[in-house]
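Encoded as structure tokens, the structure appears first; notes follow it.
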Amino acid sequence: MSRRSRITVAAFLALVATGACAADPTVIERTEEIVGRSFSSATADERKTRLDQDEVQALCSMHHNQPPEAAALRILELSRSSLRYPPEGRLMGDWKEGEKLASVGTGGHIGKIQPDRPGVRRGGNCYACHVLAPKEIAAGNLGPSLAGYGKQRGTSPESVRLTYEKIFNAQAFYPCSHMPRFGSNAWLTPQEVADAVAFLLDAASPVNK
Amino acid sequence: MPMLVHRFTKRMQMNQTRRDVVRQGSIVALLMAAGLLRPGDVCAADWNPAAFEIKKLEDLVTLLGGEPATASDAIAINAPDIAENGAVVPITVSSAVPGTDAISILVEKNPNVLAAAFEIPAGTLPEINTRVKMAQTSNLFVLVRAGGKYFYAAKEIKITLGGCGG
Amino acid sequence: MQPSFFDGLRPRIAAACAGALLAAVALTATGDDNHAIDEIAKYREMLKDGNPAELMEMRGEELWTTPRGPRAASLEQCDLGLGPGVLPGAYAHLPRWFEDTSKVQDAESRLVTCMTVLQGLSVEEATRNWTKPNSDIEALVTFVATKSQGAAIDAPALHPREAEFAAVGAELFFRRAGPLDFSCATCHSQDQRRIRLQDLPNFLDPKSAQSSMITWPAYRVSQSAVWTMERRLIDCIRQMRAPDADYLSDAVIALEVYLQKQAAGGVMQAPGIKR
Amino acid sequence: MGSPMKLRARADGDVVEVKILMAHVMETGQRKNPAGEPIPAHFIQTVTVTYGPRTVLSAQWGPAVSANPFLSFKFKGGEKGGTIRVNWVDNKGDTRTDATIIL
């Protein structure tokens, strides 16, 4: 049994348990077949890392990001178990590094049409979706405004830890959140997540000005 | 707050005084030197690289000559304060200065500051609608010649980062 | 040092700064936000007069009417779904099922069929440089779409194969994958959202879906080119960090079937002009 | 020879509005291709618009004019049915002239 079909079965068990409505399995099967033959230039590794779904992705997709309780609990469990921390345990890094990460939207583009230039920085692109430092006018609104985030929450160990974990894997709190699982997917390193935490919480950060 | 306003007012007065003294004809001199604003037909041979190769506004100072250009409220720049993409910034410039016969568009922070120069013969309205590239957030200057004198106006246009980021 | 020409401008700029500073005290962040959005709206409005897509449309018309290829034929007998040579409204009825090819095809895929069948060109020749500005396919799609201006989008996916593509397209729309967990729904399933300052259509809302789909193909000033719907979707997929989707592939056409179905009734205004 | 321009000229009373779209890459010379090689500059340098024997606008451009340039302006004294001619010359010596009738 392939990984994909195992996931499907697991998801359907969750589905039956709650009686929620989700996609027709034959449509999912047909969709996967079409995905399988519509990316002919992808290498085996690219298919595995860029097209195949892990269990969380498959559950969120099949439930159109509104998982029933059993699926939601499974997502929370998988996400919590994927949390990792920096070696030294310092969850608050350098806000200036975090600020840079927040503006960089490049990294991870592959293919032949328009791949990233070699050596380009991989960023968190936080401004694409969030208001952060109020001085940046070109901020998106897919996610909530985070202006003044640290002013409201302070830098207690609990606040720092919660912020770190939300950036590392938002789905450890909000199953099927639109936010990328930056840490769990190894898009950002634990150190980079800590830098983003500092950008949000540090009193000196422009986010809190 | 009153302190702040006072400081700005004072700075404006200082600059106002300086402006009277400053000779501002640099671009003008350059354009004339380049044969750019010469009346008559334009043909390919007339295109002079000197004007279009100026890198910094300060470089123009070395070519200072002509009469100082004057800031003028009679020149209108209609452009958005914020452009979604610097590759195309739409602008409409018009001059109510009597006798306007040339209009140039300059972008302070572009690698080459002069973008375009238009000659306005008698009978043509002193109003141009076109689109220029802006490498980054910058002041855009419009320089107008009328009756042998030069006038200018400026507007800051912000260029925003856009899209998904790459 | 000799003072610069632009020293004379400093007072105006200082005044503007002072104004902004004073304004900042009075305005909330929302106020600034609205100003930015208003100015972006002005930017877009100013672009509308003089859309370079019209140049592409002219070139497309020439390509449509000029005999080309080994068979020295024009495309004037091309059947885009409403009969050979019928252009008005054809784009608004696509994608659809075609008996002769046994495929669900969009405008691009169908034009390639016509170029291969009528003119004898290879698929490679027909789609040459499709990712670059000024390609033949870009010009032809622009021309064909322009002929649907004023027509309502009507591609209801009633044929069983079309219905299947619409269902697959809906699944693809929500299908999350890759290192950023993105799907189309990440950005396009909520109202009034933006990436930075770019508005994002919500394809789950018919009005919003219409407002987007009626403007494609569109001239993109950042690309100096008209982007077709396929080019647009394949770039979204690239931005999601997926591998390149194949041009004219079923995955891309299935997404289009779904989006056109969502946008039913929208009155075509293409070609649009965008950042 | 360059690609055709799209021209419109419309009379409103004695004022004629001319709108011009030109097909041109307007390459700055500052950009690099994906292989990292510079893309040579290629841009329109001069534009001349005439109404009969009369030059109604002339321009000199640098590469900072946007790709596929758009230009519109108005002049007095044109009549419906008259011919507007637009010529451009670029830095490679390529040139293009198109004409339209005033509507």
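By written order: A, B, C and D. Residues from 1 in each chain.
As a working rule, a residue touches a chain if its C-beta (ideal position, glycine included) is under 8 Å from a C-beta of that chain, and two chains touch if they have at least 3 such contacts.
Please read all numbers here as calculations on a predicted model, not as lab measurements.
**Q** With respect to inter-chain C-beta contacts, which pair, A-B or A-C, contains the greater number?
**A** Counting C-beta pairs in contact, A-C comes out ahead.
**Q** So which chain is farthest from chain C, going by the mean of the CA atoms in each chain?
**A** Most remote chain from chain C, centroid-wise, comes out as B.
**Q** Whose C-alpha centre lies nearest the centre of all protein C-alpha atoms?
**A** C
**Q** Nearest whole angstrom, what separates the Cα centre of chain A from the Cα centre of chain B?
**A** 46
**Q** State, to the nearest whole Å, the distance from the C-alpha centre of chain C to the C-alpha centre of chain D.
**A** Their C-alpha centroids are separated by 27 Å.
**Q** So how far apart, in whole Å, are chain B and chain C when each is placed at the average of its C-alpha atoms?
**A** Result: the chain centres lie 35 Å from each other.
**Q** Send over the residues of chain D in touch with two or more other chains.
**A** 66-67, 70, 72 - these are the residues of chain D that touch more than one other chain.
**Q** Would you give the residues of chain A that are in contact with at least 2 other chains, written as numbers and ranges?
**A** 109, 127-128, 137-138
**Q** Considering chain C alone, which of its residues make contact with at least two other chains?
**A** Touching at least two other chains: 36, 49-50, 195-197, 221, 224, 239.
**Q** Which residues of chain C touch chain D once you look at their complex with the stated criterion?
**A** 49-52, 54-55, 58-59, 133-134, 219, 221, 224
**Q** Which residues of chain D touch chain B in their complex?
**A** By the definition above, chain D touches chain B via 15, 26, 28, 30, 45-46, 48, 54-67, 69-77, 89, 91, 93, 95.
**Q** Please give the residue numbers of chain B that touch chain A in the complex, ascending.
**A** 82, 158, 160-166
**Q** Okay, in this complex, where on chain A does chain C touch?
**A** Checking each residue of chain A against chain C gives 23-24, 27-28, 30-31, 34-35, 37-43, 46-47, 49-53, 56-57, 60-61, 64-65, 108-114, 127-129, 131, 134, 137-142, 145, 147, 178, 180-181, 185-187.
**Q** Residues of chain D touching chain C in their complex?
**A** 3-6, 19, 21-23, 25, 66-68, 70, 72
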